[in-house]
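As structure tokens, the structure follows; a few thoughts come after it.
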Amino acid sequence: MSLSPETREKLRRVSTATLSSALYKRGLRNQMIQDVYPLSPPKESMVGEAYTLRYMPAREDINPMSVFRDHSHPQRRAVEECPPGAVLVMDSRKDARAASAGGILVTRLMVRGVAGVVTDGGFRDSADIAGLGFAAYHHRPSAPTNITLHQAIDINVPIGCGDAPVYPGDIVVGDADGVIIIPAGIVEEITADAVEMTVFEDFVQERVRGGQKTFGLYPPTDESNLEVFAAWRKERGR
Amino acid sequence: MSLSPETREKLRRVSTATLSSALYKRGLRNQMIQDVYPLSPPKESMVGEAYTLRYMPAREDINPMSVFRDHSHPQRRAVEECPPGAVLVMDSRKDARAASAGGILVTRLMVRGVAGVVTDGGFRDSADIAGLGFAAYHHRPSAPTNITLHQAIDINVPIGCGDAPVYPGDIVVGDADGVIIIPAGIVEEITADAVEMTVFEDFVQERVRGGQKTFGLYPPTDESNLEVFAAWRKERGR
Amino acid sequence: MSLSPETREKLRRVSTATLSSALYKRGLRNQMIQDVYPLSPPKESMVGEAYTLRYMPAREDINPMSVFRDHSHPQRRAVEECPPGAVLVMDSRKDARAASAGGILVTRLMVRGVAGVVTDGGFRDSADIAGLGFAAYHHRPSAPTNITLHQAIDINVPIGCGDAPVYPGDIVVGDADGVIIIPAGIVEEITADAVEMTVFEDFVQERVRGGQKTFGLYPPTDESNLEVFAAWRKERGR
Amino acid sequence: MSLSPETREKLRRVSTATLSSALYKRGLRNQMIQDVYPLSPPKESMVGEAYTLRYMPAREDINPMSVFRDHSHPQRRAVEECPPGAVLVMDSRKDARAASAGGILVTRLMVRGVAGVVTDGGFRDSADIAGLGFAAYHHRPSAPTNITLHQAIDINVPIGCGDAPVYPGDIVVGDADGVIIIPAGIVEEITADAVEMTVFEDFVQERVRGGQKTFGLYPPTDESNLEVFAAWRKERGR
Amino acid sequence: MSLSPETREKLRRVSTATLSSALYKRGLRNQMIQDVYPLSPPKESMVGEAYTLRYMPAREDINPMSVFRDHSHPQRRAVEECPPGAVLVMDSRKDARAASAGGILVTRLMVRGVAGVVTDGGFRDSADIAGLGFAAYHHRPSAPTNITLHQAIDINVPIGCGDAPVYPGDIVVGDADGVIIIPAGIVEEITADAVEMTVFEDFVQERVRGGQKTFGLYPPTDESNLEVFAAWRKERGR
Amino acid sequence: MSLSPETREKLRRVSTATLSSALYKRGLRNQMIQDVYPLSPPKESMVGEAYTLRYMPAREDINPMSVFRDHSHPQRRAVEECPPGAVLVMDSRKDARAASAGGILVTRLMVRGVAGVVTDGGFRDSADIAGLGFAAYHHRPSAPTNITLHQAIDINVPIGCGDAPVYPGDIVVGDADGVIIIPAGIVEEITADAVEMTVFEDFVQERVRGGQKTFGLYPPTDESNLEVFAAWRKERGR
């Protein structure tokens, strides 16, 4: 049911751009979390199952600083319960005027082996988080404590994040272009398709760098290009 | 626990403006649902307990037109289950590019004795709804069927609507200025305060129309105004 | 090739909401011109073939007031050349800070028998236009002369209007919910489908007003409702 | 120095659209207050000298409800000191999430003979204000008390309102299209130009309604139209 | 009255995130200047008293290039008069479509010993400014000369910047998360609180990196953690 | 008619800030493409004649993945036909929710000797493009394939890009501040003016770094500064 190590590894080697094309071919057009950015340039893709946290607007009377003393506070529980290998995805209603989380909680996620964290709001302590070498994506830095505007209310329910639908267990992939959500049920086929497309795109990219024009090559409407590709592929064992 | 007929009646006679001042005095500053409008000029205030529906972004593969054949579809269940006297409040993530509901469902709510309906998105069949004489508030008309962008996912959970926090059972009041949310636990005191403030504001409004200046009157820093007010009030039995 | 009188008449009796559902069933999700409003409450639907005008951002040196002395100025040509029965649709890049057109030009369109005018910007002389009894849709009133920000550049090319694609000859339908674009090639089938859906929706609306619950009726998963509908329909000759 | 009764009267009979064209001809392109609306359909134009109020963001510790007990509070002073015949223009930083003023203060302005009130935020008690028959323009209704977000800080200083520059003493004109600011120093010439343009536009509008095409008429590049206009004008004594 | 060297030094060692929490505890929720970014990664925090410049929308007739010949032009005066050690904070009405200032003026501020510069608009010559090693925060780069859209109008008055209230003399602190405003009257207590919180957060961060879970530690509801903290603190002499 | 090598070279040594001032002096205020950013820090300015591509909103039925098999597809033709030395400028209606182009096409542009590429939307494969050392400007990264939302419709027509007017053949200059459009007809005079201004600004910058105050120097109202400048200039042979 969960992501196999093989698929996880394959997903690390395909881009969110290629994945979005594979999803598009199946009629899925809104799987990209819009307008989120990695806090530091990704060295490799972030891959993991979605574990979600839902925020709603905060109400002043139920958000004194002391709320965090309660172990059942959903933000704190999410940080301790998000499974290793998963990605914590936060629905912050695209509101970055207050933080979704800060350096300590993100560090805890990293230490626990979580694969990454995403919010459509913002993180505080952004320089510290950027320095962790941990996959973290947000809209922009935001210093104010989350309870200024956000009330954590639900763990691991279906949410929206950056206008994309995110169901618990969906597969989350992030790279320099941002973060995409692959429905759990089609991850194998999408991955296979994306891996194939990537091989061809690598070939095309090499040819284009070498001076070949795109007509007939991308897409390969000129059949001779398919032959060259077959040879290229064989040679590289891909 | 639910709204008493007396409180309901009192709330009909105070404005959302006055209620927002009463809430402000208790430190609650974000209880107004921002940027929603009545579909027709309200003849009287809408008052009721909040019953909520949460939408998330739609995913194409799970939203064929046939989804509505399922009686457990949350949008349809909400319409049949929202209690008479309550207000159905929808979290449409402030996205009015597709409808939150249309004329038939809003008519059903009206026939069932529901007190009103609010979305921070938009309604389709807006002219029909405007003609019903039923309290309905949205951001703007929106013809596209809700499943174009919205997936109903939860019934009667805490939500955000127009950036305000809405908990099931909170009291919802709407007038020409928009819609405000009163936390359930303080509705009696807020109502009492708002009723008192309204008596004084009515007095001030009458005096100002009669030509009195606001200094000393509003607020009544000139004590003599309080005496005049006392007499005015007695005379009117308020 | 152009809209038949029969189809035109049928389209006047179906709503943009129903049309959007018919388009959705064929995979078309973005045909609604977003965020435009009629300048006066529509008495009947606006229906016509799209005739387009494209604006680009204005450049100060080529937009003295005297530009309008040139008969080939695209804005003025569009007003004189848009065919009777067609709808003039303007791509104003969703920028209502300057006008797309004003009272005189819209009056000329009306006198010439044009079916309506739509901009995703704004009209000046909005009260005059509202008083014409002519179908006009915009985002909001805007007094500044169009050359302040807009340069008319092309007539009858494919455009975007309110984020919807509009090709010359597409069918434009407007009502209180806004304006929808039907691709020319499928107008017959979409109209037929929408007319059928409207008959059923009228039946449902009547039943719901009469107190019937929506489960089993809308959609008609309870077969008995289909029998009642058949009888209802026969009786009304629809 | 102030607006003469004659100019005031003339300005009542020209539109903001025509005034914006007259200003455009003098190189002034940003004098329209963007995105404000009259609370009720204007029966006649609002005309007056600008008297300004500047809001800044509120700070919680200096905005208890009791601030209004101070007669020197700039919002309250502005309401009592704005001269009869002037228009009170408020810089609310285009933030309508809290009110700029409410029914009592607007009533006081009306009773004092002020010509109108404009904010690029919102008014509370909007239905009451709409019922006054007083010229009031805002972005949208807003119930929360102004101190929730706004701190009145300055009276009669140069401000921005809806992205337009407003200097105290500038002339403010409002109609159904919105509100325009005429620099005080050029009001006579702008008015004279607008009055002339209006005569011609009325002529054109009449001709267009009668079926004449716009080419050669608007603008009058066909000289014969100027002769017809001269006769038309003479006949009407304009 | 002004910032003591000790407090200034302490503020350099606490984060805007921690300061925002300290302000939140005192009921101040809107002190963060929203959506501004350092032009280069800050090596240390920016700290200084606020000295302000207010822009209003520009009017074309009073903004020829020659305006800057006047030594009393507020933008130029602000650059020459902002005290060493202070931070120049500009209210550009969140409009970055034209520059708030450029490389030469920012260099002058640096040479004069000013502590930093902040605008909620944009700077031109952004690469030059980024290379100065001077604390500068804006929304985004913006090449057009400021008089395209901005008219400098007031020096050292209370302003809004990025939706935060800024009073002259308030303390401004900036780091990678952005810029926060501390009311002058409470800077000592806020600083003291933030320093204390920082010691504890450093401890927590170290423990979390070492593998300790956050429950009971952050906040320290498990008393044993307080003992460990006491020892940790003693050891480090903090 | 096209850009001379001398002018091209001169334009590489002046900033978009200085160019915007030169344009402002001629009354051109909207030539900056708003809100676009280089994908990697520019080492030198991008300079070239504009070659344009216009996108409109995509329609699902005419955008299967197979559209790219057609050599006449405008996006693909633009990539193969944009002249060497020119800049491909794309009107993506400021919508970055889907890509304007990706790594392969941008590489092809680079290999073909095109001078740069600009979109007011976003590029996919943004890290790859950033690594090319090729001048590319966009609003933000965007992974989804362009046909998700964009339909390429026209090549080399006048367009809007980031609210600026762009005519084919206009001169495009980009640096760290963004991208500016110089009307083709005035490029020589604008360049000459900007070169002159740059010499003076370099002088001023050096003086300011050396401690001179800006009054009298910038602008040089103190004549003695002009003498020093003359000497400085002679010495450097500029």
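Note that the chains take the letters A, B, C, D, E and F in the order they are written out, and that residue 1 is the start of every chain.
The rule we apply is simple: contacts are C-beta pairs under 8 Å (C-beta built on N, C-alpha and C of every residue); 3 or more make two chains touch, one makes a residue touch a chain.
Computed from a predicted structure; not experimentally measured.
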Quiz prompt | Which listed pair, D-E, C-D or B-D, duplicates the contacts of C-F in over half of its pairs | solution = D-E
Exercise. Over half of interface residue numbers shared between subunit D and subunit E means same, under half means different, so which is it?
Key: same
Quiz item: How many angstrom lie between the CA centroids of subunit B and subunit E, rounded to a whole number?
Solution: 39
Quiz item: What whole-Å value do you get for the distance between subunit A and subunit E if each is reduced to the mean of its CA atoms?
Solution: 31
Practice problem: Would you mind pulling out the distance in Å between where the CA atoms of subunit A average out and where those of subunit D do? | Solution: 49
Exercise. Note the residues in subunit D that touch 2 or more other chains, in rising order.
Key: 27, 29
Quiz item: Hey, how would you classify the chain contact layout here, line, ring, star, complete or other?
Solution: other
Self-check item: Pairwise chain contacts under the document criterion
Solution: A-B, A-E, A-F, B-C, B-D, C-D, C-F, D-E, E-F
Self-check item: Complex contacts: residues of subunit B adjacent to subunit D
Solution: 15-17, 19-21, 24-25, 29, 32, 34-35, 37, 41-42, 175-178, 180, 201, 204-205, 208-209, 211, 213-216, 218-219, 221
Quiz item: Residues of subunit A touching subunit B in their complex?
Solution: 26-31, 56-61, 93, 95, 151, 153-154, 157-160, 163-165, 183
Quiz item: Given the complex with subunit E, which residues does subunit A contribute to the contact?
Solution: 65-66, 68-69, 71, 76, 79-80, 97, 99, 102-105, 107-108, 111, 124-128, 130, 140-145, 147-148
